[in-house]
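In this document, chain identifiers A, B, C and D correspond to the written order of the chains, with residue numbering beginning at 1 in each.
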């Protein structure tokens, strides 16, 4: 896989339901699953597939991304060989409504692509929760001498499809048509990862520069006959986080042991920045079940069907259920939480009761004091 | 290059009284408190004391230890100059010599220390559990204009016969040493932590090396020699938690201290943190039937059973219908469906079958260990 | 020096003479002195003074900064203890005409300052060429229980002072007045480094938020009697790079052996990102003198009074004098260059002659082909 | 954990024929080509061959070597799993043993290799200068379904008596070994680079370890034994630059090859780079009177004198009115005002006085070395 450049796009956008969590960070560094950031999945998948030259396009809120990734050492990316590059991007890719895959960011980093010796580019969004090996897709790409190989999945009720999501028609294995959701004829949807020949990508960028159209999907749609486009099927678990609801459901999916196993317990694990915490301390009065708990927690109360990130402190007499508590929160005594999502450093005072609803959890910004 | 104080950490010990825990692994690399290894404590102390050159003297089965210490970055010991240096025995032109005693290990690395041209050398060992700010001890050493300072702590008078005991005058200057005395004259016990003025130590090591009678041990040879020569030797008083974990029982007890909320040793205290070399692991997953009380659980565990007053290391899988009580479980062990375990230590990557019923009596002072591999 | 936070400001701006070099990078990462970036001086000075908690404020062109600094390992800053943070800043500090020290960037990173346990903040611009130990200034700061300690220098003809540069009046050692250049009464100018109590800085930020005035110098000027402000004198070499001319002169200063010695040959060295290059190869026909040469060069021609960065290739029969050649440039055969500054990856074809003038050298952008 | 091929790099040699260059330093850590150390070549080859687990076997004066290798990040050998591992001799429960031969060194680290569960093991030594893509050799080994592949190169027939010579059939299978033969039957010389199928090697090492007659050397014992047992042993043909730098003269000559533009060994070739563990140093400063031709100069040098056909390491200061010709100068040396030096090697941190006039004749095959300290 030496011949591949991995590119992870930046998909900050305007989805209001996640707004409270994205004030100081981009979606790629949204905390997820007790210790991860969303980008860890895509980045680890690339590394685990043997890709060792990866460019991550940041947003103007780059500080959390830079802090999280460092030089990529935790993902076995080497500073010596410049395996990881954090790239500047000027435009955002969409969450809802905007351009799905915006080529402007790639144009901004054209020099990076050109300097790299890789001949193929794997491009992915950073907000996919999945464990995926690109090797098979790359084989399909090479065997078909494909210009573009799109990763697709057959209809999946978990996946939160939007109107501008893309469905693929096939003629044998070759993609013969591309449709938006409303006009779809098949049940194969595009999973926002694809492989493209670098030469084809550079040609498309040239074209965009002339036409002013930077929407890759529209360009592909218009050129579906000229381009050799193939599909590679994703058969495992995949979720996309692009709203509070999808954040909530994909988080809670982890509590299903089969999904937990598929994502974390295989040979290829999801890597993340290492932090130093003591083991989690379950006190005499603790009762924790059907939950995921990060390290460094001190737990006195009852927790069920919830996710506690690192360094949560929870005092006596409190109950947490169906909730996500990001790192360094403190939950006072006799607190009751149900369907609550709280960002880092939130403090809940004693005797507070907060009851959200499954599809509209109560949300707290970073550093809230309730 | 000039560094005020170089720390030398004696980590070559086999720790044979720890039985199968050190079968394949040096004592300083034995797991403690779930995620830590014993050497994390002195290394984190160095980090919290702003000591940034540490020589780690290895000898016995050093592979896990070497790998664990790596470039020292886990303890921020990866400065461009300075940092953690692993010092195994080596061959010179005249052949090789193993380290034959604590003082000999330092003697063979005089060149290493001289590279940093230090004023002081701090001698530590890799088998004690404690938190200590060595910079205070070095400040004490400077203030006393001492040649050697020895950290001491008060022990119970009835235990004093098990320690090296020092007697001091009113200004903390040591007037007498008693090694495991039958009739101790004080209850001030040496903790095996020394600050030497390097010039004095270097001279003493050269002299000791030429003495064929010597066992080249700090406690037995070098320090008594300095005392005879009227060097200024002071006792630096320490109070706080300190445990030697040289036996299975003391190892087990010190682990269990972490679960005692009245114990003054607190891993969760963020003002003086203990660092370790972490691998990236998934968070702990607790199944629907899990029940955990008064326990420490590490990342990477999958727990479906019942756990009480236990310490569970990384990557342990505890299946349904299991009961663990007063247990220590090391990394990667698998406890199969139905097993019941009390008062025991389960070794790394052990696989405990579902029909295991191991319940040691409370007076059983030697918990059983199943070690498959470390 | 554990009690200190170091902050390196971002001073991108509008100086047109450096525009060609700042298209894809901020001034902090402008290549300097054969292998460095400008920020290396300030960052190394902080590290060498024992400061181990440093925040660097980046611009929107953060990619080169992130690539250069990594996690700070080359400066002995540890990722484990989060010694180095790359912070996002929204506003620019000035080059010429704009606000001298803009507090808005510090307000953006207020959380960083508050979370850090340090009680004093050393703030510096990133474009100072100097070797400076902050310890003495910090002693003055502590001994006087100073709110702010400003580093100043007595008139120095090398230093390229601008109209909005600041001069200090003293009453004994305490700063009693602050004047812009035109109305100055003393010859002690402010060298763009200062120490400030964190509590005072946070109070000033609160004030700025109310008044909308973010210019620290104006605030200090208005409150010079209320604040305890002291000065600490800089007695060594210092240059500020804020224009093509000052870039040229401070670069050529390095060719004076005494300055080279002061900056690089003392006990405290200037650290930078490490790159792998072979030793420079001086061929049979080479003649190089009174110059600074990076590693990885292959030199066939004559070079005098010039600075060649890493990986320069220079062919037979060529002459370079009074010029700065940044890394990976290639100079063809029989080329003659005098007073030329060329950015990375520039290629000069055979038989080219280029003659700039001392105060207006010829400038080439990155990747030019001449 | 599964890795296709683990490299084991024998770096324990003293290199006594390199005289004072290895007084304080293992041979693989001797400087070469100004900024490199000899071990950079095999380590960079590993990096360029996508081999990411390398065990480095040390024994003789390993401090500089250990420090230099560090966490392996200089050769991108710092993966979370894998990377560079330093393997000194160690003590087990039954005491310690030094490595007593090349095969013994690998034998004592069977556990290490087994952790990675490899198909193949690549055996390298730390005293050769060459660039080689080992992945091609491994591919050859797989294609031939070999038990052992040995890299060989053609040497001049008149030199063949100084090498281990192999004779092969038409398919490159080795039919006969001749160790430094008086009457060589071919000019194919072994380069001391072996790819073993690990299963075969492990068995052979266990057998060899039990043989009291054996010197536990690959060339003398293990390979002849495999040959006797009719194992499939193939010669992997290599052509290109390769030098053993085991003597002062060969070391000097190989250094000077770097200045020979007709030599096919090119350090400046960026498609196959040689990496090294660099310290941050200032760029080279050339004073107004400096004159340098046909030379390699490293960062950190300050040069006011005249240099011709020489290799100058880091941090060397060469003052005014000096003339250096055909010289190799190691790190940190200072050549005082007025010194004239030809055909010599100046050791690290040597200080050459201004009145030194050292001009060896061109036929003087053993250049003089001044070493103060390395």
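FYI, contacts are C-beta pairs under 8 Å (C-beta built on N, C-alpha and C of every residue); 3 or more make two chains touch, one makes a residue touch a chain.
This structure is a prediction, so every number in the text was calculated from the model and none was measured.
Asker: Could you tell me which chain lies farthest from chain C when each chain's centre is the average position of its Cα atoms?
Answerer: Farthest by centroid: B.
Asker: Which of the two pairs, A-D or A-B, is linked by more C-beta contacts?
Answerer: A-B
Asker: So how far apart, in whole Å, are chain A and chain C when each is placed at the average of its C-alpha atoms?
Answerer: Chain A and chain C have C-alpha centres separated by 38 Å.
Asker: Indicate the whole-number Å distance between the mean C-alpha point of chain A and the mean C-alpha point of chain D.
Answerer: 46
Asker: Roughly how many whole angstrom separate the Cα centroids of chain B and chain D?
Answerer: Going by mean C-alpha positions, chain B sits 38 Å from chain D.
Asker: Touching two or more other chains, which residues of chain B qualify?
Answerer: Expected reply: 73, 78, 80, 275, 279-280.
Asker: Specify, in ascending order, the residues of chain A that touch 2 or more different other chains.
Answerer: 73-74, 79-80, 271, 276
Asker: In their shared complex, at which residues does chain C touch chain A?
Answerer: Touch residues, chain C against chain A: 58, 60-63, 66-67, 70-71, 73, 79-80, 82, 85-88, 111, 276, 367.
Asker: Can you list the chain D residues touching chain A in their complex?
Answerer: Residues 47, 50, 73-76, 78-82, 275.
Asker: What does chain C use to touch chain D in their complex?
Answerer: 33-35, 74, 257, 260, 263-265, 269-272, 274-276, 278-296, 298
Asker: Write out the stretch or stretches of chain D touching chain B in their complex.
Answerer: Against chain B, the touching part of chain D is residues 12, 14, 16, 23-24, 58-63, 66-67, 70-71, 73, 78, 80, 85-93, 96, 98, 111-112, 279-280.
Asker: Can you list the chain D residues touching chain C in their complex?
Answerer: Touching chain C: residues 33-35, 261, 267-268, 273-276, 278-299, 302, 307, 311-312 of chain D.
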